Amino acid sequence: MSVLLDVRALEVRYGGIVALRGIDLHVEEGEIVALLGANGAGKTTTLRAISGLLPVRAGEISFAGASVRRRSPDAIARLGIGHVPEGRRVFTRMTVRENLELGGYAIASHRKVADRIDEVLAIFPRLHERIAQRAGTLSGGEQQMLAIGRALIARPRLLLLDEPSLGLAPLVVAQIFEVLRDIHKRGTTVVLVEQNARAALALADRGYVLRNGEIARADTADALARDPAVVAAYLGGE
Amino acid sequence: MSLLGLAGVTKRFGALTALSNVNLNVEEGAIFGIIGPNGAGKSTLFNLLTAIYRFDEGSISIGGVSIAGLTTQRIARLGVARTFQNLRLFGNASALANVMVGEHLLLQANIVDALLNSARERRERLEAERRARELLRFVGVVGVEEHFARNLSYGTQRRLEIARALAARPRLLLLDEPAAGLNPSEKLELVSLIRAIRDTGATVVLIEHDMGLVMNLCERIAVLDYGEKIAEGSPREVREHPRVIEAYLGAPA
Amino acid sequence: MIYTYAFVAIAACVAIERFHNRRAKATIVLLLAAFLAIAPRFYGNDAVFSVLADAAVYVMLALGLNIVVGFAGLLDLGYAAFFAIGAYTYGMLASPQFGLHLPFWALLFIAAALAALFGALLGAPTLRLHGDYLAIVTLGFGEIVPQIFQNLTKYTGGPNGIAALDVPTFFGHSFGASVMPYYYIALFGIAFALWISRNLRESRLGRAWMAIREDELAAKHAGIDVLRSKLAAFAIGASFSGIGGVLFAAKLALVSPDLFGFQVSVLIVSMLVLGGMGNIVGVVVGSLLLTIVNSALLPQINSLVDTAFHTTLDLSNLHFLIYGAILVGIMLFRPEGLLPSRERRAELHHAGEAAVDA
Amino acid sequence: MHEFLAQLANGVELGAIYALIALGYTLVYGILELINFAHGDVYTFGSFVALGVLVGLRAAGVLHGAGLILGIAAALIAAIIASALLNAAIERLAYRPLRKAPRLAPLITAIGVSFMLENLIELWQGSAPVPFPNVIPNPQLQIGALEVGVQQIVVVALAIVTMVALHFFVQRSRLGKAMRAVAQDRDAASLVGIDVNRTIAITFLIAGALAGVAGFVGGVSFGSAWFLNGFGAGLRAFTAAVLGGIGNIAGAMLGGFLIGLLESFSTWLIGGQWSNVAVFSVLILVLVFRPSGLLGESLPEKV
């Protein structure tokens, strides 16, 4: 396996406040990596820095061997990093189909985009039923599927997922995780930020625990799931 | 005695029926849970209770008063306060100021008092500030009273929003997914906070997805699905209800 | 000379911003007040105090608009309409126009009340509108009012306006041709406006405005009567403008519709934004600076250039170019204003981070 | 009856011009939530460029026969290009640096830019209205009781064609969809590979081009250009955009025609000095009853 994403000594600030200090992490081709941590630990900030939405103060981010640190978000997206942001952020006033078409914005061929939309609709039959509806009328779970589907159209090599289960009912969460497993099987590398640490670790190969903008721990998913400190802080006793 | 009563409440958005013929009674002093899949109409229900939307059919009464046609601020006067799923704090104001706004209805100072900084204005301001500090202590927001709300950690913001709602001394407190985004230890603190709130005499109705928390905290639970109430009962009754498992839980929890 | 006064006043404001000690602030305020009250006996001439009196009127207007925009968060682009209403109140009720010669002092109150009334009349139907919709409606109102004054020729003298307005008297003593009384009245007006502004900011009503500005829906849920609170802001803000209008008209002894156009509304909004919206001291600095630029600096540069190069190039032709460039320049280099309020600093600091977890 | 029809024709012609300007406001507002106060002056600029080209060509003596058609086309195209570039330059220099500033900062900047442009145009062209060369023939047509100039028909037709084309462009084309995406959620748009800055720049180019069309059409229709034209016309056009529902293309068109008709009928019935009062009173009334404009959507507040 080769390293697909390599983040070194990443530092991000808001005004004077240091949000990330010296984050080191890497993701190998074909892996699922989970980022865990409390709210405010810097998980979302890490993802947003990787995809270029936040300016990086120091450190290096390289994707498939090339630096992406100074690139704009759209350029990074075109390089093959898909990002499903927190809160889904679908285009609510556009139809489901238009949302998916925009997912293929960087693809020149109409034909190709249409084919890929068919593929995504096969993964999410619910979206097929709602294809002509405005995205704003979808339920939370459907919007999450649309957000993932939109990112998949571009066939990203790396998919960043930010809290895909947030605010969703247990049944829907299970469906979403099923889909993630499926996407991964088809060869997409995944970085997953998840509040639902138990489910995330069950799916992931490895995980990082963030605390106050730093990597507090890095290990295999199994080891993290068994670690009493991690269990107490992020998994909760049941 | 029933504090909150809904009878045959229906709400439509165009062709979509968001709530259909919902009946519900919440006893004074209860901790009552509302669960259901996304889009089942839970938040819509809260929004009807605080007149963000108007209901199309049925009736809703709070403390025996019908709220049909009342505005949001009139309903607040009936003793209803709430929190929001996606936190709606006054971000560019201190934690203290947030809670003091919550005390609005307890104060009398009018526009003349405001212009002249009258004795009443000054007295009430001191009193309001003292109460606000007390409330912040009660919910566990200490040492950051002067910080802007937007700079507080997420868990603290959630508690601050509860403090703001409590500042009005509500009879009925509506909590919309209070545990969303909290880690396990914060959730435990939340459970004891909500119990403490109830012990001060308020009635609590909450929407929540965290089954563990709901089952642990609520005495009664109603389940919504596609705008209809499909079950209501004790946590155990709800957990074992076949329609609930089918529509929401997926597998026996 | 004018720059000495402006510099002292602005320096004092900046010092007040920098100090956190209440006693130090109070001392500076007292010293400044004493300086502004006493210094004219020794230093300056009528031309200087005329500009300073105008500046003081604008400070009052800006403080009034700050209540509407800075406190309550309602963008009003037609604020000059209330200025016009105040000025015409004096123009119509203290002039040969109708042979009415009501006293200046009574008209200050009458104009304040009338402006507040019109503020409420405009606000009642429109304050439900949000953001830019309200801005454009107020802009429309600002266009209509001077137009109405212009069209009702029978009552208002039409495009020429009303001239030969009464010279105010103080216990029987006429102000005569001196500008000093206006300077002192305007100083007193500023002190009053500052006192009211500070009271409002700390009041229950002020907290309600903060809540509405930050999140109207959450404010409603706290039981705040949003419409009434907004109306209060509109009416109070308008009354400041009404008083300013009377002062302005009495000093100029003239009113005409072209004195209250869109440019005036924009000028006052610019003062707020330049100084730092919502921050009382910042607003004072912003309005002082812009008035000085407009009524002293630009004309002076003009005459300087003329004498230096022996040209007849009239720089007043470039007035709007320079004024526009100043607005653009300041916004580009300091979009939060010169002395931003704590809130605005935080807002800027957090711009574009809504969905971030840090 | 005759007068009524004449005013109707006038109002529609005026409305077409307002609608074209309103589209520019609405496009920019849709994507940046910014009232581009300088837009009216971009329109004025377009007018003067068209005027300059026509004057130049007339002096060269080429404005007859086929040369006249080509000359008119050249004036139109020059106005379009000049206005588009000016608008894009304003965006690049004055608005782009303020993307993350507090909301009022770009608005004040826009007002500042507007003042500067007005002053510059005044320095360039003087403070008196400049007559448009009277080279475009305007044969009158009698349609029943209605007498209209061919020029009026062409003006309205040109406006309508432009608007319909814009509508399809925004709804159907890839770039149009990108514009809508950026308007709704800039971050999300960039995450699907849309270059946000470029898309905003293109939006300003298109809005400027529309102002150029309006500048040409307006100049021909009013018979003159004046450095302050843009202020009044811009204000009415923005009012039109708000009346129709800002951000909404069909709304801007509807609003433009309504304001045009309102102006022409109020001028006829109660006098031109009252037309501003009439226009803004109607605006206030409409917004009181339909707070998001005639065609604007009132989305339920997300709670």
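Order of writing sets the chain letters: A, B, C and D. Residues in each chain are counted from 1.
The rule we apply is simple: contacts are C-beta pairs under 8 Å (C-beta built on N, C-alpha and C of every residue); 3 or more make two chains touch, one makes a residue touch a chain.
Keep in mind that this is a model prediction, so the values were computed, not measured.
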Smallest count of steps, each to a touching chain, taking chain B to chain C: 1
Of A-B and C-D, whichever chain pair has more C-beta contact pairs: C-D
Farthest-lying chain, centroid of Cα atoms versus that of chain A: C
Where chain C and chain D are represented by their mean Cα positions, the distance between them in whole Å: 32
Centre-of-Cα separation between chain C and chain A, whole angstrom: 51
For chain B paired with chain D, centre-to-centre distance based on mean C-alpha positions, whole Å: 48
Shared interface positions of chain D, touching two or more other chains: 187, 301, 303
Residues within chain C bordering two or more other chains: 217, 344, 347, 350, 355, 357
Contacts with two or more other chains, residues of chain A listed in rising order: 39-40, 85
Chain A residues within the chain D interface of the complex: 51-53, 72-75, 77-78, 82-83, 85, 89-94, 98, 101-103, 105-106, 136, 150-151, 154
For the chain C and chain D complex, residues of the former touching the latter: 75, 125-126, 128-130, 132-133, 135-137, 139-141, 143-144, 147-148, 150-151, 217, 262, 266, 269-270, 273-274, 277, 317-321, 323-328, 331-332, 335-336, 344, 347-348, 351-352, 355
Contact footprint of chain B on chain A as seen in their complex: 38-40, 137, 139-142, 166-172, 174, 195, 232-238
Residues of chain B touching chain A in the complex: 16, 36-39, 85, 153-155, 177, 180-185, 187, 209, 211-212, 247-250, 253
Residues of chain D defined as touching chain C within the complex: 29, 33, 35, 94, 97-102, 104-106, 108-109, 111-120, 122-123, 187, 231, 235, 238-239, 242, 246, 273-274, 276-277, 279-281, 283-284, 287-288, 291-293, 301, 303
